[in-house]
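What follows are several structures.
One chain, chain A, appears in both complexes that follow, with chain B as partner in the first and chain C in the second.
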Partner chain A sequence: MAEFLQFLFSGLTVGAVYALVALGFTLIYNASGIINFAQGEFVMLGGMTTVFLALVGVPLPLAAVVAVLAAVAVGLLLHRFAIEPARGADTVSLIMITIGASIFLRGAAQVVFDKRFHSLPHLFGTDPLRIGGAAILPQSLVVLAGATVIVVLLWIFIDRTLFGKAVIATAANRLAARLVGINTGHMIGFSFAISAAIGALAGILVTPITLTSYDVGTLLALKGFAAAMLGGMGYALGAVVGGLLLGLLEAFSAGYLSSKYKDVVAFLVILAVFFVMPQGLLGRAKVERV
Partner chain B sequence: MERTTHGVAPLLEIENLISGYGRIEALHGVSMNIKPGEIVSLVGANGAGKTTLLRAISGVQSVSAGTIRFEGQAIDRLPAHARVPLGIAQVPEGRQLFAPLTATDNLMLGAWWRRADDLSAELARVHELFPMLRPLSRSTAGMLSGGQQQMLAIGRALMSKPRLLLLDEPSLGLAPILVDQILDAIVRLKSEGVTVLLIEQNARAALAIADRAYVLETGRITASGTASEIASDERVQRAYLGI
Partner chain C sequence: MRRIHQLVAAAGIGLLALTGAGQEATAQVKVGAVLSVTGPASFLGDPEKKTLEMYVDAINAKGGVNGQKVQLVIYDDGGDANAARTFATRLVEEDKVVAMVGGTTTGATLAMIPVFEEAQIPFISLAGAIQIIQPVRKWVFKTPHTDKMACEKIFADLKARKMTTIAMISGTDAFGKSMRDQCVGVAPSSGITIAHEETYGPRDSDMTPQLTNIRNKAGVQAVVNPGFGQGPAIVTRNYRQLGITVPLYQSHGVASKQFIDLAGPAAEGVRLPAAALLVADKLPDSDRQKKVVVDYSRIYREKTGQQVSTFGGHAYDGLMILVEAMQRAKSADKVKVRDEIEKTKGYVGTGGIVTMSPTDHMGLDLSAFRMLEIKKGDWTLLN
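Up next is the complex of A and B:
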């Protein structure tokens, strides 16, 4: 039982991060149809920028805020100088651009930062809490709470503001969005900014537990993509469910089978989704009234 | 229905417009104009280029040559979202509502460029024009019936306070009683000063409420005149009115 709880908590913690990455995929995909494979680099930028600002003496909260803003700036630049000029290109080309951007950002991070692993101090220390025999790091709860707050805020914004509804409108019908006067280019740029912010926050929250380095983005993007596919690409709730589920699958397979194969789970999930249910868990065939 | 429109500056003026999809040209130099306060109908078979012309006016279809002037200002290089505030709104073919959002959200988004304004008067105006929409304000647009959706689509376009309303097949697939309601609404909008460009499969109904009409055939204007002239044209009668 203690073992089970242990795996459950570590699965939820890492799953929350996957959920946030998947949410970033979903936002950009909905606004533009693009799958942004540079999503993982936003997570890396969040963690690495905070680490390096802290190293030069910037207080941690300020470092975190600047890191999020830096990631947002990178997201906007990516949209403005890589995606926007290729407007009208087919989706596959745009996806390849994001893969290129991902490689570029990783390379730039090697130069600007370094190639070593870094950590951040835990917010509430490293003394584990004992729950039912399992040892849980306070930082795990910070990650879960942070992810919950982000999801709830995002939901309120999308569901309760006209701007959020314009985001949904752009996702639902881009032609109609243009016809009512919504600048869909701005909406796509905005989705890149928000996704970057969410990714960076995830990176900052989880770095104390998982450490960060210039290349953590690659695997995180794949995991986040697997989570988004599992939940149903384009569904925000699916992204959250898919992320948590993938985190749990990983933790339990690592715990009960072998931790050697932990990263295989995500790839198996991608394959399984493609073969068995391409629409994902929460996705459904689109119904249109004529 | 003869009206003299000479001397009145056109609201919309199109000259030698050429547009297409990839290498296929759909409009081969179309010229037409619409005067303020008119209902102008565009008659033509499927694939004649009617929808392409409407899309070019609202800016979601690129044009390779020719000019579009709205109140004397060339607008053909403006993006679609910049044309709505000038006073151009399109009700696209197939309604194209924001299906996951409520009817009211759809209407509010129709007034996107005026989102800072108080829109209650505009909302009331749409509900007055289409009382059927009033009890549906919280319903999801995708779940509405075809007629309700069409009214909502027109209402959404009206929320932007357009001076030129572009209607693409507003009666397609609707029951006759709903067709009448929609046509009545169009006539009423005209009386309120809205200029209308109307595409209609139902050419007879369109010509009955229009002031003038253009016949578009395979990307070219082949006839134009008052609605009654076009309606009595033998070729038009044979091809589009089934007489």
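Up next is the complex of A and C:
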């Protein structure tokens, strides 16, 4: 039982990060149909900016806020100068642009920051809590709580505000959205900003546990993308479920089966899901009406 | 008027070409280096590059080697073995180097060996794995100690503490895998039983499941973690998080201050084998390496403003072994220099005291490693 709990919390913590990255994918995908492979770099920017601001003496809460704003600015610039000018291009070209942007951001981070690994202090210390024989870091609970808050806020925003409804309308039918007076270009830019903010927040929350460096985004983007696909691309709830599931799969297969094959097991399950449910766990088959 | 401008420009270019050719004419010794200055192994390649540049400048300021200036040609392979091989070919065919220092990673080194063997150019690698010098290759040498020696050093320390049953958790990156294999290889002859084994991916961020399994394994007296990068720091943190009480051994792969910074208070009590360079200030004055390592650390810190790492030290040793061999050979002739490198005897470097032979192209013994324990956020020298 103690092991089970240990594996469970390990999986949930890692999974929460995957979920937040997947959520970023989902938001942008919904608004624009683009899969933004620079999503992992937002996580890196959040963590690294906070680390470096803290190094020069900026108080941690302020550093975190500035880091989120910096990531949002980068997200908006990415949209304005890379995505917007190419808006006539097909989706595949736009996805390639995001891959290019991700490589660019990684390179820039090497120059602006450095190539070392960095950490941040834990919010509530490093003494683990004992829950049913398992040792859990307080920071893990912070990550889980933070992820929950982000998801709930996002849901309220999307579902309960006019602005959020405009984003949904853009996602559902861009032409119709434009006809009712929604500036769809703004909505897409807005989705980049929100995705960047979510990514940066995730980066700040997990850096005390997972450490960060300029190239931490690559693997996160891959895992987050897998999570988004697993849950069903374009479904916010699916992104969360997919992320947590992927984290749990990794932790449990490392714990109960073999640490050697944990990634193999995780991705085998994902493949199996796609064989049975090509739309992902929560995705619905797209219906074209004529 | 325009014509005159063009003429002046043309003359200028001609002059440049002439002076360029003039520089070619004054004798220079070209030494090549392919290093992983960027990419995942940049924390190895970056100090190596800085060290080489620093010391080549210093050598030239003192008049060079045998009256010839040393010209350093450095390429960055970005941690990619394929790129390293391409650059190696370029060094041989276009730059026409007389000797080679570097090859940051084992992968890059192994990819470049055939190029330099074919061209018959002495090649001093800065990478760890024993496969580079075993079997002995005529033109290939290396300066860093091997993973096998690290395993033997750890096992010797375990035996001294009367511990014989261990568990291992290793990274699946090249370094972790190579050292794990070497440790498994020398365990029986060292009287060590490996009761349980776990692995983790190089970018994994949580190793508590693996460590939980190690904790639950009865009879484990110590845990050894071969790996480098951020993995061992996370292993160390998770180790304390789970409250595992048996001793934890890290490898020389994390022998840098950064590891202590990343692992934080969790690093307390961790033991690891490392080169003397790391504890330069703590060595007794009677230690033969003391002067070399203290000088190198001081100069490196002054010039770069960064903490010294053993990896830069490997580059220092490689360059100095090469320069001394050239001085003994009184020429930059490839064959003579190679022969003299092989005759290196009692060279006191940052990595240890090097005595090479036709059967040993590394020339270090276990005394090159010091056993360290992390206490109060700093290294302390054991025994």
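The rule is short, and it goes like this: the second predicted complex is superposed on the first by the 268 of 290 C-alpha atoms of A that agree within 3 Å, B and C clash if a C-alpha of one lies under 4 Å from a C-alpha of the other, contacts with A are read in each partner's own complex, and residues count from 1 in each chain.
To be clear about the criterion, contacts are C-beta pairs under 8 Å (C-beta built on N, C-alpha and C of every residue); 3 or more make two chains touch, one makes a residue touch a chain.
Not measured: the values here are computed from a predicted model.
Chemist: Just chain B (first), just chain C (second), both, or neither: which does A:162 touch?
Modeler: A:162: touches chain B, not chain C.
Chemist: Which of the two partners, first being chain B and second being chain C, lies in contact with A:84: first, second, both, or neither?
Modeler: neither
Chemist: With the two complexes superposed on chain A, say which partner A:116 touches: chain B (first), chain C (second), both, or neither.
Modeler: Touch partner of A:116: chain C, not chain B.
Chemist: Thinking of the overlay built on chain A, is A:178 touched by chain B (first), by chain C (second), by both, or by neither?
Modeler: first
Chemist: Chain B or chain C: which reaches more residues on chain A?
Modeler: Greater contact footprint in residues on chain A: C.
Chemist: Do any residues of chain A touch both chain B and chain C, and if so, which are they?
Modeler: Shared contact residues on chain A: none.
Chemist: Could you pull out which chain A residues touch chain C in their complex?
Modeler: Going through chain A, the ones touching chain C are 3, 6-7, 9-10, 13-14, 17, 110, 115-119, 126, 128, 135, 137, 206, 209-211, 213, 215-216, 219, 251-252, 254-255, 259-260, 262-263.
Chemist: Enumerate the contact residues on chain B facing chain A in the complex.
Modeler: Chain B residues touching chain A: 58-60, 79-85, 89-90, 92, 94, 96-101, 105, 108-110, 112-113, 115, 142-144, 146, 149, 156-157, 160, 173.
Chemist: Taking the touch rule as given, give the residues of chain A at its contact with chain B in the complex, in rising order.
Modeler: These residues of chain A touch chain B: 162, 165-166, 168-169, 172-173, 175-184, 287-290.
Chemist: Chain A touches which residues of chain C in the complex?
Modeler: Touch list, chain C to chain A: 38, 40, 42-43, 46, 172, 198-201, 203, 205-206, 208-210, 212-213, 216, 229-230, 233-234, 237, 240-243, 258, 261-262, 264-266.
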